[in-house]
Amino acid sequence: MIAAGCDVGSLTTKVAITKDGAIISHHIVETGFKPDLAAKNAMDGALSKANLSIDDVGYCVSTGDGGKNVSFAGKYVSQLPCLSKGSYFFIPSVRTVVDVGGNATRAISVGKEGRVLSYRLNDKCAAGGGRFFDVLAEALELKLDDLGLLSQQSKSPLEIASQCTVFAESEVISLLNDGKDVVDIIAGVNQSIASRIASLVRNVGVKEDVVMTGGVAKNIGVIKSLEGWLGVGIKTVPADPQIVGAVGASLLAEKELQES
Amino acid sequence: MIVAGCDVGSLTAEAVIMSDGEILSSEIIGVRPKPEQSAKDVMDKALQKAHLALEDIDYCVSTGYGRERIPFARDNISEISCHGKGAHWLIPSVRTVIDVGGQDCKVIRVDANGKLQNFIMNDKCAAGTGRFLEVMAKTLEIRLDEIGPLSLLARNPVVITNMCSIYAQTEVAASIAQGADQHDLAAGITRAMAERVNSLVVRVGVEEDVVITGGVAKNTGVVKSLEVMLRVSTKKFNVDPQIVGALGGALFAKEKFLRK
Amino acid sequence: MELMEKLVEPAKTLSNPYVEGWREKGGKVIGYSGTYTPEEIIYAAGILPYRIGGREATKVTIADMYFGQVICNFVKCVLENAADGRFDFLDGAIITYECDHMRRIFDAWRRAAKDGNARLPAFFQYYGLPHSRSEHATKLLMAETQRLIKEMEKHFGVEVTEEGLRNAIKVYNKTRQLLRKLYELREKDEVPVTGTEALGIVITSTVMPKDEYNKQLEKLLDELGKRKGITGRPRLMIVGSVNDDIELVKLMEDLGAVVVADSLCYGARCFWNLVEENGDPLQAIVTRYWEHIPCPRMYGEYSRRYSFVRDIARSGKVDGVILENIRFCDLHGMDNTLYGRDLEAEGIPTLRLERQYGPLADSGRLRTRVQAFLERIGG
Amino acid sequence: MKEEAAQASFPRALSTMLGMLSGTQATDKEVRGMMKALPAMSAMMETFMLEPCIREVGLPFLEIQSSYLQNLSNAHKEGKKIAFENFNFPPAILYAMDVVPLSPEVISSFLSIGVPKGIFRFLDYTTGIGIPETMCTAQKGGVGVILSGLIEKPDMVLNMASGSCDTNSKMFDFISEYLHIPFCNIDAPPYWDEGGEMMRYYQQEYRKLVAFLEEQTGNKLDEDKLRQCCKEAKKQDEYVAEIYDLRRAVPNPVPAIFNFMMFGTRFMSSGTPQATKVMETMYEVVKERYKKGEGVLPREKARAGFVYLGHFTMGGEFWRWLEHNGISLIMEGLAILGHQHYTIDTSTVDTMLDSLAGQAHNMIMTKQIRGPLDYPGQWFEDIATLAKDLNLDCAIYLGTMGCKNTWGGIKVLMQMIEEELGIPTLIIHSDTWDDRVTPWPTIRDQIEEFVNTVVVQ
């Protein structure tokens, strides 16, 4: 029984293909401005990796901001169940999922078999979302993935006080102008983001194991300071943290197949 | 007597050199990592053009957010006063100056002598600043200066509701996904931009004549929709609207030089 | 001036040597939230009244758990300080219903404690206030204050006597008179004290034992009498939201201004009015707090607030008034709109400064606006 | 400007429409026809007239709105005074004293629902005169309409519930200073009680109001008129209570939009026969639906409690969408929070004034958000009572970004609701009158996600 999950996010689109509860392939592409096209490309990528054709896929569930009009999906499911199912698949002991996407940050409290018990969404303002890091990386002319490791070099992280993503950028620029150390700036940003995320996780209740998903989960700096804020260890999945939602969607698709 | 003004903003730096009430030369460059560097580079270019050396300058006033860090400036004056001063010198009938910079938007009221009377500046978030247009241009994958012309060909402009630049970007991306026409998007963006600027303008009130300075003054689309909203037609400069701040600096430099 | 330092330094932190000394002697401390809490009744109970503030907080992680995005950052910082244990020295706290932001600390702090995110002082009270003056309002307030006293007596096993109240009134009126003297010095053409110092001195008055404070302030005032004053700088007045961060005033003075007057609740509004020393002391105290130069939380009182601002502006010979309000502070935001209209009409230039409270965020932006304002009122 | 024209012609278009519809039992076809003929009214008609069961109530309801606007435009011609007053105050006493009520929140709400782009322009207008953007949109919209001259300027300001919300009260304080018109502050005490000290306090305040009105209008309080208003108000309360009882049924027979019409009627015209007619018709319709077992379509999958507001933009999409997506709007805070902790006693002038004071003292917001969340009669207690009584299975917060009081307490309140009532909760960051904060489609998706993920399992 082969199923697929397609997660169309505001920045990247991911497809995961599973067979009888095991991942056989996945693929990630930039979403760009044609979600349906991105979905198709991601699917084709995943299929070719698994030497399959679309007809082999029994059922596909789509999810994510742009997931509502994916032509080849049997149905759309919101990110919450997909993320919790996916995290549960990788780490059955999960009780709390923290997902930091492009614009939205979600803290999910997970129950039996990866069911969603309750959840919290970030306050209305882009600051604190993953987008913050794009802006930052751009301002510092660095690769997104370097932010985490670099921040670990910092001895004295700086305070980033601005509450607007764009202003935060100008704050970063003026800090640079003041000759401040880049790693301290990055560490400062990681901390301020982590502290925003921490409020959200605390709101939903910090129950271990806490699993972090989404692109920002690659940022060791954020994870470390989030662990600091929450006083618990944070696990990441033994795979690209971006595909968790897609994997969850695919597992839900398998469920659909069983039930049909 | 030779005086100079040097305006170091968040995106560009400008220098203007004057003698006996005449502009000898002016220059615009994109900012360097450090304001000192930007100032030096742009001033050197301006001096070159005027066949002068830094020693020939009797007095230099710096402005812009880097104003406090310009070694060769004898004095610094806020860009708010400078834009008022410069605009009034170019067009004496000016009473209201709208300056839309990289991350700031200022509305400046001056009296018949070009003296600053009142002003307002965006303080909370970056909606209504050049940054907004930048983000949008990137989203549309076009050059900043293309937005204006494109917008003029729109049939039914897309409505952009969200105030936050970052969220507005997602909104625009969504309508691109729904296959919205590029002209209509551009028009939607310029209108949204104008609305944001307008919400500042109304707070200090408009008195004619009105001018727009800064890079956005070159954006025909924004200017047009702003004119509609304010129910006035704005006056145009016979020089690049981006040098107005530096020009104001030079004019202040002259006054200060004469005073001592 | 090391005397000056003694009275300014405590304003930069939450706890301070005086509080610590008081506690080492086994003294109790009760925190209170603002200028409507009658300090005298706490003092009369032999307990140190301590005004809780937001300084020192550099993030609002816990506060964001309990408050929405549109809540005043000062209030968030207060809660964050509680969460970070910076108020652990408090034996009690009284949350006075000054505004919708501050009053919700009473809900949020208790909740944070329940969730193990903050320590709740063993004595934790809500002090409810009406919003407009009337006979029955004063009655209600009298009853509410008596309730508060009873709770305090019960919890701390103390007694608030009429004598104690009379003495408290004397001590507090003394402080108020001394601070009035300080503010008179600021009106001189040669200003012997900067606005930054003055704010520090006022803040300190809210966080140290008054008897000791009065002694020191008296000495300082003598010294200031001899100090060479500042001249030739634009004279500013600050009006608006709560501010216990002397950096904000320093930022203005670093740009070449001197701040010589204010209508702030860490400022003139907290000490201007005296308590009537004759008659029933409790009644006198309640009346003073209820009738003092009103915070914008009082409705139908604009003319009283405005005439105070205008008179202070005139006697301070100010060149301009800065109307600041912390973002989301509608009470001051709305008054500032009217002040702007009315002061400008009287030829007094004003600057609206809506700002984010806390470690001065984008101070560059603040500096630009203040500098431009100074350019407007200057040459 | 297009919107401008639409807004200006709004009152006229409304009365034209009613003129054409009144008396007749308009058919779907007629309404559709009219929506084409009167585009300015299409949103209003779609919201209040299109569905047959709503239409019956919609007609008298819109008539109330029409006369509300008519009264305002005729007031000064007829030598009557206009009072700028709070929505969360039953205007019965004003009608009894021939004073014309003008509530900015009422104006904001109808423009939001009825006019494309709602009140955006007016919100910006108020920002223009220096009112902070962080003020509440509910008032800013109406204030913008008044100050820009589309509606007669008020002659006095009645701030009837200082203590329920600073932002709200401050706008009233401000307007009286800004327009230099007399101000009367009727203070809601810091705590709530039933017939105790606090109630007495408010009743004393209420006397201040009567004195103030007599002074401002030169009219004496007319006992018979007052009694008439009280009798009507009493009947209205009885119908509200009857309808409340029917909400217990599964499916809940009360159409979502009725919540809005219920408090809209109360805010605009409590104490008038017109209002009684609306409540009566509403009750009849609900009773019929109850007998037939009618509820939301296709089936009641969630019994939602909106602990504060609904969403008033996009031509009433909010209520229609809930109605057709199986989400039963059991409570919309404004409609039924704070049941009657008072009785209307019409025997003497004093008992009547005390009764009306009691009613005002128990209005939504005035009652439950004046004090700490967990104090007697406050927000949590009211929600808890309703949640158990009407068996809610989820609680959702929609508010305005201006609402500091609820934003200060909502996160804690929702925590209490989840823990102590075991009901899932959702807090949405949006503004009921301003889609520019969060567009309706986003809000809708968040509600849908919430209901499908944690409510229906």
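Should a chain be cited, it is by its letter among A, B, C and D, assigned in written order, with residues numbered from 1 in that chain.
Here, a contact is a pair of C-beta atoms (placed from the backbone, for glycine too) under 8 Å apart; a residue touches a chain by one contact, two chains touch by 3 or more.
Please read these numbers as outputs of a predicted model, since none were measured by experiment.
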item: Minimum number of chain-to-chain touching steps separating subunit A from subunit C; value: 1
item: Contact pairs, highest-scoring chain pair; value: C-D
item: From subunit B, the most remote chain by mean C-alpha position; value: D
item: Geometric centre distance via CA averages, subunit C-subunit B, whole Å; value: 40
item: Interchain centroid distance [CA atoms averaged], subunit B/subunit D, Å; value: 45
item: Separation of subunit C from subunit D, taking each centre as the mean of its C-alpha atoms, in whole Å; value: 38
item: Sequence positions of subunit B contacting 2 or more other chains; value: 65, 124
item: Junction residues of subunit C - those touching two or more other chains; value: 65, 68-69, 327, 352, 354, 356, 364-365
item: Set of subunit A residues in contact with two or more other chains; value: 123-125, 167, 170, 174, 203
item: In the complex with subunit B, residue positions of subunit A that touch it; value: 10, 33-36, 65-66, 102-103, 125-126, 129, 131, 164-167, 169-170, 173-174, 176-177, 179
item: In the complex with subunit D, residue positions of subunit C that touch it; value: 65-72, 75, 97, 99-101, 103-104, 106-108, 111, 126, 128-132, 134, 136-137, 140, 143-144, 296-297, 299-300, 302, 325, 327-328, 330-331, 333-334, 337-338, 340-341, 352, 354
item: Subunit C residues within the subunit B interface of the complex; value: 327, 352-356, 364-365, 368-369, 371-372, 375-376
item: Subunit C-facing residues of subunit D, complex; value: 129-132, 134-135, 159, 162-163, 165-167, 169-174, 176-178, 183, 185, 187-191, 197, 201, 204-205, 208, 371-374, 401-412, 415, 427, 429
item: Residues of subunit D that touch subunit A when the two form their complex; value: 401, 411, 415, 418, 424-425, 427, 429-430, 437-438, 446, 448-449, 452-454, 457
